[in-house]
Amino acid sequence: MDAGFLSNLSSPPLLFFFLGAAAAAVRSDLEIPAPVAKFLSLYLLFAIGFKGGVALSKGDLDGQALSGLGAALVLACLVPLYAFALLKRRLGAADAAALAATYGSISAVTFVTATSYLDSSGVAWGGHLVAAMALMESPAIIIGILLYRLYGHADGATGERINWGELLREACLNGSVFLIVGSMVIGWITGERGMTVLSPFIGDLFIGMLCLFLLDMGIVAARRLRDLRRGQIGVARGTGSAFLLAFAVGLPLANALVALALARLLGLSEGDALLLVVLGASASYIAVPAALRLALPEANPSIYLPLSLAVTFPFNLLVGIPLYHELVRRVVLT
Amino acid sequence: MKPCKRLEIVIEQPLARRLAERLDELGAPGYTVLSNASGRGDRGLRRGDEVTDTFTNCLFIVACDDDAVVERIVDGVRPLIARSGGVCLVSDALWVKH
Amino acid sequence: MKPCKRLEIVIEQPLARRLAERLDELGAPGYTVLSNASGRGDRGLRRGDEVTDTFTNCLFIVACDDDAVVERIVDGVRPLIARSGGVCLVSDALWVKH
Amino acid sequence: MKPCKRLEIVIEQPLARRLAERLDELGAPGYTVLSNASGRGDRGLRRGDEVTDTFTNCLFIVACDDDAVVERIVDGVRPLIARSGGVCLVSDALWVKH
Amino acid sequence: MDAGFLSNLSSPPLLFFFLGAAAAAVRSDLEIPAPVAKFLSLYLLFAIGFKGGVALSKGDLDGQALSGLGAALVLACLVPLYAFALLKRRLGAADAAALAATYGSISAVTFVTATSYLDSSGVAWGGHLVAAMALMESPAIIIGILLYRLYGHADGATGERINWGELLREACLNGSVFLIVGSMVIGWITGERGMTVLSPFIGDLFIGMLCLFLLDMGIVAARRLRDLRRGQIGVARGTGSAFLLAFAVGLPLANALVALALARLLGLSEGDALLLVVLGASASYIAVPAALRLALPEANPSIYLPLSLAVTFPFNLLVGIPLYHELVRRVVLT
Amino acid sequence: MDAGFLSNLSSPPLLFFFLGAAAAAVRSDLEIPAPVAKFLSLYLLFAIGFKGGVALSKGDLDGQALSGLGAALVLACLVPLYAFALLKRRLGAADAAALAATYGSISAVTFVTATSYLDSSGVAWGGHLVAAMALMESPAIIIGILLYRLYGHADGATGERINWGELLREACLNGSVFLIVGSMVIGWITGERGMTVLSPFIGDLFIGMLCLFLLDMGIVAARRLRDLRRGQIGVARGTGSAFLLAFAVGLPLANALVALALARLLGLSEGDALLLVVLGASASYIAVPAALRLALPEANPSIYLPLSLAVTFPFNLLVGIPLYHELVRRVVLT
């Protein structure tokens, strides 16, 4: 484990995440302008989607791939259910539902970092995992809203009827979901030929763009953490932030174990198993918050966003990926 | 120059489309939107540094010379703000008609 | 604090330079410009999503404590707005002098 | 709707953080910030085209229904503006409470 | 024709255009931030200008090249004249003049897409065509304004005198015109040596940047089309939008035929002929609208912009380029 | 000298600087959106920092390197002292201190251009010069503020106490200083391995990004020069702008001579000597103005910014670098 652990810790993208966090911690005025950060995030979604699509086009979609997709879907529906059950009594229904959606969904950047971790470790992984990722983004949002509707009434949930069309649109046609899926389809259509013309853009530049994006993520995450500590962004009154912090580390670990069990059950390969575990353990801080502000404004974004972005995300990058890799090696590959 | 009311609404960026549609329905003669605002209020800091605009605001300015419409807008905007946060200010102005 | 007029002008982004020059000529003591605004008015939606700013607005704010200059500005801005669209509002304010 | 004062402060972008902190200290109930403004005043043109925001402004809007706080803010903001330039306007408005 | 047609249809840039259009059609919140879209457009102008200049520096500017430039200029002056004649009675003088300017000028992105179509088909083309493109951007603007001045009076054209200096500046020193011409000159000065240091930036990344830009164009075009249909951006009262739609497809075809005739007359090569035809058939949605808002604000941008951007542009990309290629093969090369 | 001089003059980055200046001079509306310009500047700092760090990691930090760093530090402390002494009587204490800080600090882009000049001339240079550059950014700011405090009282300097913590933060943790230093550290940690994954991004694209950034610099510099001439940005009343212009060219030359003497004293290699001279001669227009607006708002940015950006910067790019190279060849290498 050590070599992998250290190599991950000292990879440029991760170091740039820390650099960003350090900049915010010492209150440097280093800043990535918002439109540039959005561009970097669009680039990453575009590149990972396209690569996944090209991989799929090479006949990757066999039985094992399909069972992997199935496992991903199961995971995406299961996690929000037990997360909500766990949280409902401690937080209000709205915040519990929002956290359930956040942790049931996935973080594309964590996934992307895991793929580049695998690439640099020389472990193969299947393009259908990108499809699995895309598949896992939306269900948790819908399940979260449903749970809020079912359990939120006592809690003062407004009687307003759900506009199902709008909810589906916000969950499934969210910009980042749409771009990943669309790029994947285009990658699948154009295949190797498309890869040839696009590889300097989406292949060679990938790590550099990821470094800059993680620099920004580091800045934002450290700010959110500070705001969280200073109570500037109002943590839930009743619940100690110790509980929330424990949750933001504990739930990913639990999810990782569930994913691990699924991976072993289906006999996934080393790379695919790791990616499935990473998907399970990761929490969304792009697609879900964007959708929740529209569909569940009652939930406090100052809870679910800092937890997923400033706690779970660096935890997964730093400790999670190498730890899950070790677990995969011990549990799945034996 | 015609007397009018000047409404100024600060709301989360993700709700901008919804507010614009509501203003259309309520009969606002027009509006101007300034995006990418940050701010602080009862719900804490919104730094405007998120890729998803979750903590970003925008500012709507509405000039309206029909008091009934102004009232309708105020009533229509209030629940949006109550649910997601924000501010709505109303003041007097003169509208330079051309 | 000195009483003054607060002018607020929404105009197309491509005309921003021209309006700034006109404000200089007309003797405005200063102005502040917020760019990249979107909006809706009689001429339809301006989404602010065009590479060329054809459908983008900007907002000028002018504080002026000389009524004669205010009048001149209003008269000087009116034809620009009449030709290309936009809004000009005038309201009262107090200017914190330092 | 509650009567309130509406403060509008134009200041250099580099001072935005400092002004925000001062507003917090002075008890402002909230504020909204629009960045990347350009403008002209006694200190010449600020085109907002510098990589470092040296010639860029930003606009703070503060709604405040406590006159004592308004006065404190005005007094607290004045020296900042006197030293680095800018404008502070105060006007009346109605605050739509939710 | 079929192979070319299909290969164009399934090229990544075009597919990303459709992806953008699809995003806007289903009202996804996918969006390219405005400064990023501007950057992509600056990049494309920079790259195509530089490449053209380098090609020119290789001694490309012989008799045939000069006659090609002449043909381009003739085309740019001719088209606005007959377009205006056609439109004057149906629309007001201002809108007719604006459309004449729009269709007399060119679309750099359509041109760029055609060059990458040629590259991928292995057909050679001359760098002087970039000069031809630059040459064709401005004249139509000036002719359009002149026509409005001549014919607009009955129509209520304000007596305001034209400020010729300003008009020339807005037409010829427009940002995009200036950048193409400037990059071309720099490419021409630095030649092969400049190309060596810049080719990773302007060569390898080109298709990727074009994909992202067309994604944005797709979003904007689909929005404009919807606004057009909903009358949100006020189409001319008197004129049915059916006429306008027919115009936005018919005029490019007519222009293509005129360009085809010129190409045959001058005996241009396959690649050069296709590019000349594409220039003739394309309509501006960057340089001309920017100039018209200043010089002819009476014209309604909600007419000329959606027509050129949301109708003519995708028509040329989709149907036009392969169709013109087929025509060139049949008419010019025989 | 001639070949070098011409090759520098006709390098693409420099030509794009002129193109930008020309655009602003003829009042074209060509413009790089502010967030994009910021991105380009972040990219350059990131790339040069990382490259320098990688170079350092190759065991570059021997005695000669350390003495080079020492020379850089001496230079950074010396220049503001004599600059202030020169200016104090002619300008107020605030403006004199600000100019002292500006010219004592360095311009990363001038440095970067000099490194690409060396690369294209095939002259080697040491990675520790990047460290030298980072080291030279901040001291002059602190010295400038101190000088103002010492000499500014008669001048009406407010009695306000200095907040030393804040001053150090603004001088040393300024965004651009932080990014260069941070990238250098990361480059140093990841070494050759990091370079391999990042070189397409920070190596191949470098010249292209530099071209676009200098295009923007050209636009902004020409605007500032015009504003300066039109007095729009209020030059100091008492002092003729002729004096200021002479200062903006003369001081860099004087600094170059001091640096030259240091380089000869220490027997630096050709490349290292040139870079030290360029650092000495260059004036800051990014880090220092950003810090001064906070720490010394009494100083008029309309003096120090146009002088360093619109006079000294192009002077160094155009005349300085080849001239200093010639001087290095004659003085240091003999």
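In this document, chain identifiers A, B, C, D, E and F correspond to the written order of the chains, with residue numbering beginning at 1 in each.
To be clear about the criterion, a contact is a pair of C-beta atoms (placed from the backbone, for glycine too) under 8 Å apart; a residue touches a chain by one contact, two chains touch by 3 or more.
Treat the numbers as computed from the prediction; the structure is a model and nothing was measured.
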item	value
Same vs different contact residues, chain A with chain E, by half of numbers used	different
Length of the line joining the C-alpha centres of chain E and chain F, rounded to whole Å	41
Inter-chain centre distance, chain B versus chain D - centres from mean C-alpha coordinates, in Å	19
Touching two or more other chains - residues of chain D	34, 36, 48, 91-92
Contacts with two or more other chains, residues of chain F listed in rising order	29, 31, 33-36, 38-39, 200, 204-205, 290
Those chain pairs that satisfy the touch definition	A-B, A-E, A-F, B-C, B-D, C-D, C-E, D-F, E-F
Of all residues in chain E, those that touch chain F in their complex	33-36, 38-39, 42-43, 46, 169, 173-176, 178-179, 182-183, 185-186, 189-190, 194, 197-198, 200-202, 204-205, 290
Residues of chain B that touch chain A when the two form their complex	12, 14-15, 18, 36, 43-45, 47-56, 83-84
Of chain D, residues touching chain C in the complex	8, 10, 34, 36-42, 48, 57, 59, 74, 77-79, 81-82, 87-92
Complex contacts: residues of chain A adjacent to chain B	31, 34, 37-38, 41, 158, 216, 219-220, 223, 227, 232-234, 285-287, 289-290, 293-294, 297-298, 300-302, 305
Residue numbers on chain D that touch chain B, as the complex places them	1, 4, 6, 20, 24, 29-36, 61, 63, 91-96, 98
